[in-house]
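Order of writing sets the labels: A, B and C. Residues in every chain begin at 1.
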Amino acid sequence: MKKLIALLLVLMMVLPVAAMADDLPVVKIGVFEPSSGDNGAGGKQEVLGVEYANFVKPTVTVGGTEYKVELVNVDNQSDSAKAVTAAQELVSAGVAVVLGSYGSGCSMAGGDVFAAAEVPAIGLSCTNPSVTTLCDYYWRICFLDPFQGSVMANFANSLGAKKAYVLTMLGEDYGNGLGHYFTEAFEALGGEVIPETFPEGTSDFTPYINNAINKGADVVFAPCATTYASLIIDQAASLNVSFPLLAGDTWESSVILDAAKGKNVNVYVSTFFDENDEAGAAKEFVTGFKAWLNANADKKTNNGGNDIVAAVSALGFDGYNVALAALEAAGSIEPAAIAEALPALVYADAVTGSISFDEIGDANKDMAYVKKANTETGAFDFVKTQSVAGL
Amino acid sequence: MRKMSKLRLGVCLTVVALLYFGAWYAEKSMGANLGQAGFMLVGAYVYAVFTIPLKKHAAVYQYYNGGIIQFELPLIVALLLAGIVAALLAALIGLPVLRLKSDYLAIATLGFAEIIRAVVQWDSLGPITNGSNLLKTYPTFNNTKIFGTTVLFPFIVSGVCIALILLIINSTYGRAFKAIRDDEVAAEAMGVNLFHHKELSFVISCFFAGIGGALLAMFQGTVQANSFKSAMTYDVLLMVVIGGMGSVSGSVIASFLYIACSEWWLRFLDNPLTIGSFNVPLLRSGFRMVVFSAVIMVVVLFFRRGIMGDKELWNIGMRRQKAGRRARK
Amino acid sequence: MFDRILPYLLAGVSVGGQYALIAVGYTMVYGILRLINFAHGDIFTAAGFFMVYLVASLPMQLAIPVVIILTVALGFILERVAYKPLRTAPRMSVMISAIGASYLMQNLMWYVTGGLAKQYPVLPWLSNIVQIGSASTKIVTIVTPILTVGLVIALVALIKHTKIGMAMRAVSHDFETSQLMGIRINNVISMTFIIGSALAAVGSMLYFTNFSTVTPTVGAMPGLKAFVAAVFGGIGSIPGAVIGAFLIGICESLIKAAGYTAFSDAFTFALLIVVLLFKPTGLFGEKAAEKV
């Protein structure tokens, strides 16, 4: 018996090798995203954008040779400790460039691995400033938290709020960062902030919401993962709160819409993209992406079961195209060459607005969209755009 | 280069695993310590906080104006300090807690680990610990060179640690620890001061846990208090038991197998696989961990004494001798 | 003043009731096997997932009993597979087996659900919102403590007055002697797992009606808290576990009300350690005689 089990164990450890035959040479692009854990739902939507872009442009011509683009997906499980090994896995797979991750903490943790291997990484929706300031091999195509925080602070101010309750998760870099910049901006506008944090794995948010009520908050700002967001919305509704709930880009998700549907709550989010954008590239992307989702049942399931275009999908689409543009500009599929080509790259056809990088590696972007969850139709209604100049 | 990174992954994981083991051995004399993760956290933070280069402080402590610790220590000093701080904390916690018995002791240590985690994440300590946010940019395995190569450092540190552990095991104290493990009452009757020895073994094990935590930080490149949960302690326990409760070499082998299996060899199970036109069923994200935990259960249920039992790798040839001695008894 | 504290008290009592239902499972198993059943929190989570998946194909009235039956079956299988083969093994091995089983169940649930949060179905009536004084809350908040106390009284009666209950008390008092007296130990142990799992299933329905997101690791924290409650009350004592659970639930809610939100978990453990230092076997635990 024991010998048999030992034999089985050995057999399980022997790796089967899958051989792949294809005519074109292959260039690999790593997709460093969570598909499970707290940010799993959002990570999946971001991957969908990348996959759709790959579907539209499956090949790239670099230095006169046509390459087939192969996506290498790893799941970083929304966990900054697991992200390190996931990043190692991508590096070992020999990717030319990395896209991701949803959730700044994972990007910050993976950044060191990419830097050590000298593989460039393009952040899609990670908004914490440290992602690029602490890593020379990270670029990013979205706006940053200091901007997003002041957008929401101004928005809260425009709703007439004087006192804001800021709720973030302990140990989540994204939420803590955004909460910090919101606080700075809101206090600069003469408002008062009551900050509180909840530990990971919290289910019972009623004491927090009661605290907000008792301390007379006019608005709640709660940038956190969607897993907690749905609990917060649900419990806020059952406590009959009168103040609106505000959050950052993570809340722009069908999870939020489902949680808010049919309840008496006001939820506002800021985000990168509006699916009703009439600009040529954006419109073409939205139509094509919807058709693609509707044609693939499992892709649609990954999108939350509907064909609403999330901003992170648009960023995924842009990120892939930026990566291809970088490959073309570098004229090589060597990571080092791509890293050299990225700083000077300008990609004007992006659906979320033209992309170029500053000296730190951040995109020169200055536009955010504020949306409100419609509790009747279960969709996001466009409220306003906000640019840096308007702040 | 790419091949190297895989090798290094293996090396680093082994080393971290080695120290996991080290943390464990001494404490066997005092019963289960479920607070391992808390002391590793302390070690990791002490190491990281004191080795972050000064010019990076502004970026790391972005919400705390660069933090209040405005100096950095040499790597080796910080590494030792990690162990020492963890040991001091253990000495303090041990005074009240070690008077508890078996399961109550286990739960109390687990509780302390959770308290440590909460305190480290406390916003008011932010200028030192960066609150609950990531610490990074300190020296890691990837950029710590000895004799011009990064491969040697982990091996040297773990070698020194294992040598120390073996010395402790074979000392008078080590034998007293063993006696307490086998029969507390008998040991006390023989004149072993129970509390004194328990406290000492707790402190020693936490010293190694601290160094283990610091090495884990070096391996990961980032530290965050949030990831030091009780699950980390459970991982250590599983490794040691799978290796065999009384065996140094067994624990080392088991911890290598454990980490290599979960993080490396079984990775292929997470991706869909097509052989010819046959789609292998069940393979998708998460399957690796299911298979891995099933393998662990099989080992726990069918190899109760672990891979090595209480034998050492270098003692395997001596099995017959021992059996003979036992027969004579 | 009372108006301000009332919502916190309501939340605390309700959470306490849910902890209590889980804690009873821990304390009963510990009383008999001297085993910390680390997998109990995962049984609680599994009950949540059973409901999520069953409601998709069954009407609610049918789904509720089926969930309880499936959870009980899971608890029974867990005991037979992971603990029974190790009956004679050292306690450390059994504890490791419990950790391994918990690990396996978590990973299985992660695999099946893809690691994503699932929305718990809305149980009719229980999810309705009521006004109590100035506070508004779900009906389940009020139902939980009543149901918990009712179930625990029934359980204590079962243990005091039935044959199987007597057998349980005998086994918990002296494992080997009761075996010699002809008690079928395996049946008694299975029974404790069955009761514990059934209560965990009920607990999960109440818990997830309040907090409607189910993830593979959602049971870890309530499981740990319930276990702390069991130790707090004196592990092995059922009334102790229930009182401990309510105390912890209320304290936790109040500590959050006082503004120390980041420390709410740590506070629970600090409370536990303080109690253990003064009463090393918990509030209502038997004083263990030292055997030589």
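Here is the rule we go by: a residue touches a chain if its C-beta (ideal position, glycine included) is under 8 Å from a C-beta of that chain, and two chains touch if they have at least 3 such contacts.
A quick note: this is a predicted structure, and the numbers were derived from the prediction, not measured.
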{"item": "Chain contact graph, described as a line, ring, star, complete graph or other shape", "value": "complete"}
{"item": "Contact-richer chain pair [A-C vs B-C]", "value": "B-C"}
{"item": "Computed distance of Cα centres, subunit C from subunit B, in Å", "value": "30"}
{"item": "Gap in Å, rounded to a whole number, between the CA centres of subunit C and subunit A", "value": "37"}
{"item": "Per-residue overlap in subunit B, given as positions that touch at least 2 other chains", "value": "118, 121, 123, 285-286"}
{"item": "Two or more partner chains touched - positions in subunit C", "value": "110, 114-115, 262, 265"}
{"item": "For subunit A, residues contacting two or more additional chains", "value": "35-36, 75, 170, 197, 199"}
{"item": "Contacting residues of subunit A [partner subunit C, same complex]", "value": "35-38, 40-41, 44, 75, 77, 170, 196-199, 201-208, 210-211, 214, 226-227, 230-231, 234-235, 238-240, 255, 258-259"}
{"item": "List of subunit B residues in touch with subunit A within their complex", "value": "1-2, 5-6, 9, 56, 59-60, 62-63, 118, 121, 123, 131-134, 136-137, 140, 142-143, 219-222, 224-227, 261, 263, 265-268, 270-271, 273-275, 285-286, 291, 295, 298, 302-303"}
{"item": "Parts of subunit C lying in touch with subunit B, wherever the complex brings them together", "value": "30, 34, 36, 38, 81-82, 85-86, 89, 92-93, 95-97, 99-101, 103-104, 106-108, 110-111, 114-115, 224, 227-228, 231, 235, 262-263, 265-266, 269-270, 272-273, 276-277, 280-281, 288, 290, 292"}
{"item": "Subunit C-touching residues of subunit B, taken from the complex the two chains share", "value": "32, 96-97, 99-101, 103-104, 106-108, 110-112, 114-115, 117-119, 121-123, 185, 230, 234, 237-238, 241, 245, 284-287, 289-290, 292-294, 296-297, 300-301, 304"}
{"item": "Residues of subunit A that touch subunit B when the two form their complex", "value": "1-2, 5, 9, 12-13, 15-16, 18, 35-36, 73, 75, 79-81, 84-85, 88-89, 91-92, 94, 105, 108-109, 111-113, 116-117, 129-130, 133-134, 170-173, 176-177, 180, 195, 197, 199-200"}
